[in-house]
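What follows is a group of structures, each given as structure tokens.
Next, two complexes with subunit A in common: one pairs it with subunit B, the other with subunit C.
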Partner chain A sequence: MATPLIKLLHEHREELLDAWLHHAQSIWSGNGNYESLPQESRLRLRSIFDDIATLIAQTTPDDDFELNPEGALANHLHQFVTEQARIGSGANKTIGLMLSLKHLLSTRLFDRSEADAVADLMWLERIFDSLTQLTFTAFVDVREHLITQQSLSLLELSTPVLRLWSRILLLPLVGVIDTIRARQITERLLEAIARHEARVTILDLTGVPVIDTSVAQHLMKTIDAARLLGTQVVMTGISPEGAQTLTKLGIRFGDVLCRATLRAGIAEALLLTGQRISPVEERRS
Partner chain B sequence: MRIPVLSLGRILLVSIQEDLTDSDAMQFQSDLVERVAETEALGVAIDITALDVVDSYMARVINDTAYMVRLLGAEAVICGVQPFVAMTLIEMGRDLLGADCAFNLEQGLEILKGRIAKRGDTRFDEDEDA
Partner chain C sequence: MPESFAGTKIPVMSAADIVTARRVARDLCERLGLGKADQTRLATAVSELARNVIQYACEGVCLIEDRSDSHTRRIRVQVEDRGPGIPDIPLAMTDGYSTSGGLGAGLPGTRRLVDEFQIESEPGHTRITIILRKPL
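This part shows the complex of A and B:
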């Protein structure tokens, strides 16, 4: 059965596609790109358009429409959205592109003003509702995937335990400390203390921007655990604001040594392990 | 009223001369803490010889300040607690002034110097200069 929508798509297919691609181009240029839309994206959009046309041709307005999440259309759409998300295009632009096709089709359909166009409009609405939903979900999925990846790599990067000298470990803390990171920091530190039989551990807080209740509690746990292993903890680089917060929160670190700078902390650690750095007679020049 | 922070080499000296309002006390606390961090001071003497009355709030402010100073890597000593003040503080609770105390400023500075001499960072200063 040829409904007005199917007829429209059949008769003006190339023209509609051109209009849509033109629209995509203008969205693309609005992004601050002066060159034309890449050929890859054009091809991708073309296959999405073809898929939508096929979908419309295969179903009727009366069908209960459900988009097959495994189908070719969903697949193409997903790939397109992934590309868009990777190049940093906004969600509204990508979804706007899908909605623009709906707008294009419904305007053209309206212009033809045929008898059963209303049913077709409703149908179009339904199809594009689920397409938009799919686009949005795909977009969020891609972004979330990226974020998880990044935070994982950040976690890997940001908690090194360094062996500063024999029996002296250095744990430079940088960035925000949350529960997951705190646990990882503690685990790694304890493991390193056990491996190197460290006598002194220097905890450098220069890179910690904010010290709040939870950070302080995590620190306390880390320090207590380290001391249970028989290592002395030296804290360095606490900011004046940090010191005020810690004190006002009523947090007492007991007999933990505190030093203003990492330099002073290292000197203290060397003294605690009975070592010193001394100048050599003959210098390499 | 702002309390001046005097420096004697790498030791800072503050003397509280009269009763402080709550906001003055906070101001004193943050001034001192900022100064300790800025100058990387090794010791701080807080002199309260002139105070005849120390209420629980003031005691806590002094105590907290001493702790903050320690967190910033300096030694802290409270000097010149008057006998009457000591008695009232004990009445209110033993741990109100938990930091180390000295009879007068002179002894306080002596304690500070002794502690500073034992520290690792001052001991090795000559190594670095060499």
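This part shows the complex of A and C:
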């Protein structure tokens, strides 16, 4: 059955697509981009448009419309949203783009003022409701995924184990050390000690805001484990106030070597491994 | 004259709240012109008490108040919970005593860090009050 909407799409397909892409371009330019819409985005929008046209051609206004979440349209839309989210474009832009197509179609439909247009308008409404919903859900999915990824990599970033010199590792601790982080720090350190056959590990606490009994206990466990793998631990960066507080708390780090500054710690580590840094001899011939 | 003090009440329910309480304590010290050493000892004491709340009572509150007068700068911290209570206070105050496999240094250490220390505890209610003092 050729409803006015199907006829419209059939007769003016290219023109409608052009008008929509034109609109997409102006939304894109409004983003502060003066270049033209990237070719991939155009292609993606074109397939979305084609999918919508196909969908409309294959159903009727009376059908109970439900968007197949596994279908081509849902897929294309999801890919488009993913790209948009990755470049940091907001959900409102993408949803606005979908709604602009609805607006375009309904305006044109209205202009033709044929009989039955009302049923078609309602139909459009239903289709775009689902599309908007899908776009939004896809956006949230992608964002959540990105956020999880980022917080995982932040967690890893915050506990780097650096190979400072042959057989010397540096573990600069920054921020709050809770049970989860302490476990992660220990795991990464042990793995690095084994891999680099480290003899000395410098544990730098300059970036740890408060060393209370729980942090101290976590550190002790890390140090014990490191020692079992045959590395000596040199602790650096405890502030004078921090040292005072630790003493009051009654916490002693046993026979762990402590040095006030990272610099002194490195000197100690070099000494322990029988190495030294010496100035380049000036060559005079 | 009714007593009124500028105070901050911090709910203590998660590890993030410990960080908040610590920061409030540090900030108040700094505002009152107390040095790094005092900031650190108060922040550490607050950290110990707040962590005990989360560990043994699940949740509670931490009240940090400026109780200075014309002679003395004084910060009072009250950490309170409705948990099981501490059955044997002298034992809990002993260095190395812990029911959780900790160092058992939190309570005795905190007492050494601050200028005044007081525990009230019964089943269903524990309140620990600490005060840091500095003559002007």
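Simple rule for what comes next: the second predicted complex is superposed on the first by the 158 of 285 C-alpha atoms of A that agree within 3 Å, B and C clash if a C-alpha of one lies under 4 Å from a C-alpha of the other, contacts with A are read in each partner's own complex, and residues count from 1 in each chain.
Everything below uses one rule, namely that a residue touches a chain if its C-beta (ideal position, glycine included) is under 8 Å from a C-beta of that chain, and two chains touch if they have at least 3 such contacts.
Every value quoted in this text rests on a predicted model; they were computed, and no experiment measured them.
By the touch criterion stated above, A:S214 is placed in contact with subunit C alone, subunit B being left untouched. Using the contact criterion defined above for the overlaid structures, shared-chain residue A:Q244 touches subunit B and also reaches subunit C.
Judged by the touch definition given at the top, the superposed model places A:T261 against subunit B, while subunit C stays out of reach.
Shared-chain residue A:V176: touches subunit C; no touch with subunit B.
The partner that reaches more residues of subunit A, of the two candidates subunit B and subunit C, is B. Within the superposed three-chain model, A:H10 lies out of touch with both subunit B and subunit C [touch as defined at top].
With both structures placed on the common chain, the touch criterion links A:A269 to subunit B but leaves subunit C unconnected.
Touching of subunit A by both subunit B and subunit C, each in its own complex, is seen for residues 239-240, 242, 244, 248.
Put simply, subunit A touches subunit C in their complex at residues 176, 178, 209-214, 216-217, 239-242, 244-245, 248-251.
Residues of subunit B touching subunit A in their complex: 29-30, 33-34, 36-37, 40, 64, 67-74, 119-121, 123-124, 127-128, 130. The part of subunit A that touches subunit B in the complex is made up of residues 235-236, 238-240, 242-244, 246-248, 252-253, 258-261, 263-265, 267-272, 276-279.
Within the complex formed with subunit A, the residues of subunit C that make contact are 15, 19, 22, 36-37, 39-41, 43-44, 47-48, 51, 95, 102-103, 105-106, 108-110, 112-113.
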